[in-house]
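Some structures are shown below for you to check.
Each of the next two complexes has subunit A plus one other chain: subunit B in the first, subunit C in the second.
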Partner chain A sequence: MFDIFIAPFTDNGFMVQALLAGTLVSIACAIAGTFVILRGLAFIGDAIGHGVLPGIALAILFGFHGIIGAAVSALFMIGGITLITQRSRLSSDTAIGLLFVGMLSLGVVIVSRSSSFSGDLTRILFGEILGISRIDILIQLGATIIIAAIAIICARPFLLLSFDPEQAEVAGFSVRLFHNIMLFMIAITVVVSFQTVGTLLVFGLLIAPAGAGALLARRIKAMMLWAAIFGIISMYIGLLVSYHFNLAAGASIILVAVSIFFIVFIIQNLRHRRTGNQKDIIHG
Partner chain B sequence: MKPGRYIILVLMAALLNIVSSCQNADTGIKPSIVVTYSILGSVVQELVGDRTDVIVSIPNGLDLHEWEPSAKDIEKINKAALVVRNGLNLEAGMEKSLDTAEKSGAKIFTASDHIAVRHVESHEGAHENEDGHHHHEGASDPHLWTDPVMMKAVVEALIPVLKIELGIDASIRAREIIGRLDYLNRQIADTLSSIPAEDRKIVTGHESMGYFSQRYGFNMIGVIVPGLSSQASVSASDLSNLKRAIQDNRVKTIFTEQGTSPAIAGAISDETGVKVVELNTHVLPADGSYFTFLKDMADTIANALTQGSRGQQ
Partner chain C sequence: MADTELNINARNCDTPVNEIYLQAKQLDIGYRNEVVVRDISFTLRQGEAIALIGTNGSGKSTLLKTIVGILGSMGGELSVFGMPPGNNHRRIAYLGQFHASGFVLPLRAIDLVAMGRYPLHGLWRRMGEKDDEIVMAAMKTMGIESLANASLRSLSGGQQQRVYLAQVLAHQADLLIMDEPTTGLDAGGRELYLNAINDELCRGASVIMATHDIQEEAALCHQVMLLAHRVVAIGPPHKVMTPEALLETFGVVVAGENRLHVLECKHGHDDNERQGLNRKRQP
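For the complex of A and B:
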């Protein structure tokens, strides 16, 4: 038992670092992801994940930290999406889609014709959770604290925004302002996580644990708690699976997270059917 | 004049222009040779001198496995009198274009057809599972340029092809190059002779040093990214096995290459205390010479493996 579940971590420092960074990412994703699920922002989360590529590429090219480039890209995307939806009759998903493919193509074009990026594209998209350094963990810790702080400070407007946007306006909160703050929070989550699970796979961590949490709980805090637990379990099991079955680490983690969602979904459905049947009997 | 007519005129002018430029290309003085990557391109260039144009497809420094040709590059391939490629799936991103060109009549010379191809052995590297499952057993190694003797075979095989396809007699130049390759081979062996037998162990970014190791008696302990290409994703067991292999074999240096993840190399280095040294395995040096390239490679390895196990890079 020890050899299977514990030894891979005690023997290898990089596994511990991965789990530590992964836990922090999971917490950040649990908070941001719950709002993504409740507000139906999955598409923009996905779009930011792809759209940060040109920023990261340019940052690496000019010798900056990738996170700075990713942040600029994300802000540019959110700004562009807001501008298009406000100044035209087009829906937000059209605006998101436009910036999504535009930025992704720009990123691929930059990466494909520069010698500084051999192999980097896959690393940006799929992350390098096995190559986490102490600084990476500190950055992730900082980001997780910022995300938690935003969620606490904006708890009430976010709650209203998630369940009853009209009520939020009545209560005196600017829907547009808090919507943008929420997008900003999602952007930080995606941007920082490109080092750990990658900008593509972070999307899975953003919605799978939070989705499972939303199935189980009705209150936001409980959803987030479940999401964080599922995320951390996914990290641990995913890393173990990668270790024992010789599989790519980032993808293993996301596969576990998505599997957990489906397990919760199936159990829920079976239980509902049973309770549903019982109700029928009582009423009958 | 109506705008419609004007547009037609412009189009006709453009068309004429295209036709005339095509003719220029067809009646061009020199037929060209396209070589897929710069290292082989440098050798071919020395072989033909200025008797024909040598065009290198993959720009020096870009990832050979991943690079994909643009429309213009494909045009050059199709127009060339001869295309020289490495083969064994080195130019993975070009494979489709090369196949298409071959079907439409392009003459393609595959360097790896003319060498003793090395197969990745099962005991190599840190990609073995405990259950004895070897996932790269028998894969052909395309990195033939790390051994000057292999390059010699390629040069010899090119002589008749250049004669037939381009009417170029390269035998005198070839003899001279072969002589220099023999000398280079002795030089490298001499440079490496300072490394004691127990330190002749290398860990590299990906499996690129097979021919070199085979020629000069090195043991390939492991690779950071398993597989012959640089794009595969790393698993936790690969990394853990590599770490153990480095410690068990008292490896003195981790060599990173173009495309090796600095983060992963750094993590392994932190954990094992083994230094990381950059090794150029794919890029021509500033003087564009294959000979300098291999000499530098041997120097880097000799320097790294004769120093202490920790400390300066």
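For the complex of A and C:
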């Protein structure tokens, strides 16, 4: 009976590797995603996710590791976003949106030079969690440690930034410096996560578990813990479902993560409505 | 209101009033190369309070942001503790008007109050028992000690405002800079706030606040500055708050029974003020 839950992982080495990578990526996304939500950086997070495409495309074309290409692209995106935020007289959303669409199309144009165009593009956009190597897992482990270290060291300025950037500045924490460190942390997360669910869906992994955590938690640490738990559950269920029903793994994982968010959302709303009604009765 | 009168009169503590904390000479303030108010001159000494009074967009927030160093000055001189603005993080507590809503932050009330201690501890230094005591004392001063472990978003707007004010008090700063500190406070909250400010002044701290309240808060202050894109008047409250000066500041003033009723001529917040931080970074 329990075989359907366990056997896919005990019988297949690649499934264990996938779950291990998924767990590490879930922890990284829980930490970075928490600050993405608190600081209202969802759009920038999405833009970085799509913006890494050209670097990965070049890596495929010239045969170096995709993570290196993604990292270079991500740095370029952070530079572009920072420049736009400072200089734009328009709402920065407009320019950041154009930057990410530009990078996305540049990536597709580059991949179109590849001999296996559609196969490569699908792998980049939707991930290849079942093809994760040991080296990839080691890189993800290193990155997760770096991300956790950044979150611990910068906890105070990140919290002040989330409350009020002006107050952070007055308190002696440079807004420019710590905002860029936060963007850097988000970028590392995207760079090491794209292999699992793809550049198109990595945003979901960043936002959905942390969003569900935000609904439940009343402390930042608890929000991160919930986010990591929801992320890992999504990985496990997503992999299991994709194995049994022969579905795309990355998309299955994101579908589970988003479903968890909406289930928590609905339960919270029903609960609030009930306690709200009770209050009305008491006061009425 | 009788209690409040009593509190205001209680400001007869012997605070050593000597050191100059804040001095502006012919200061021009504004943002993005656009001057909002010209030629501001005033001095704030230790243990003194000054209230900035004016409509939305009159330059109150711009002046506060210039003092804390978020906006650069556009002419004239400004010194804070004898130095240019932005060099005294440990001595200044600042509460702006446009912070993230407490309804979206996954924090407990006590976590937000404890953030008031961060400027003193920087990135590394651990918070000790003394910090915990100060944080709890600040919450008690604002009457919210029983809400310490409550989730911030479960609190009402007025209770959240008390939390923000407790955060300012927890800093135990030499200079308290607050933009519309009584927004959303009920009568009880206002009384606790006025008492707290009185205690801060007696402790030797100085206060500068932007306010709409021309009755209680202004009466607590040693000086009042009326702003309407220029300094209409500055000086002790009883001398400055004449019907004529208030009329020029606010547009419409109705004298009622022992009270002045101010009807503002302009409503809605100026979005330019909200963007202050980004503006400074313009080339």
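Quick note on the criterion: the second predicted complex is superposed on the first by the 279 of 284 C-alpha atoms of A that agree within 3 Å, B and C clash if a C-alpha of one lies under 4 Å from a C-alpha of the other, contacts with A are read in each partner's own complex, and residues count from 1 in each chain.
What we mean here is this: contacts are C-beta pairs under 8 Å (C-beta built on N, C-alpha and C of every residue); 3 or more make two chains touch, one makes a residue touch a chain.
In this text the structure is predicted, and so the values were computed from the model without any measurement.
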| item | value |
| --- | --- |
| Subunit C versus subunit B on the shared subunit A, clash or fit after superposition | fit |
| Partner chain in contact with A:Ser259 - subunit B first, subunit C second, else both or neither | neither |
| Partner chain(s) touched by A:Ser112 [first = subunit B, second = subunit C, both, neither] | first |
| Subunit B versus subunit C as contact partner of A:Ala214, first or second or both or neither | second |
| Computed vertex angle (subunit A) for partners subunit B and subunit C, CA, steps of 10° | 150 |
| Partner chain(s) touched by A:Gly131 [first = subunit B, second = subunit C, both, neither] | first |
| Partner chain(s) touched by A:Leu159 [first = subunit B, second = subunit C, both, neither] | second |
| First (subunit B), second (subunit C), both or neither touched by A:Asn180 | neither |
| First (subunit B), second (subunit C), both or neither touched by A:Gln17 | first |
| After fitting on chain A: smallest Cα gap, subunit B-subunit C, Å | 37 |
| Contact residues of subunit A, present in both the subunit B and the subunit C interface | none |
| Subunit C contact footprint on subunit A (complex, rising order) | 38, 85-87, 153-154, 156-157, 159-160, 162-167, 169-173, 175-176, 213-214, 217-220, 222-223 |
| Subunit A-touching residues of subunit C, taken from the complex the two chains share | 65, 68-70, 89-90, 92, 94-96, 98-100, 105-108, 111-112, 115, 118-119, 121-123, 151-154, 177, 276-278, 281-283 |
| Of subunit A, residues touching subunit B in the complex | 8, 11-15, 17-18, 112, 115, 117-120, 122-123, 126, 128, 130-133, 136, 195, 239, 242-252 |
| Residues of subunit B that touch subunit A when the two form their complex | 59-63, 66-68, 127, 129, 135, 225, 230-240, 243, 258-268, 270-271 |
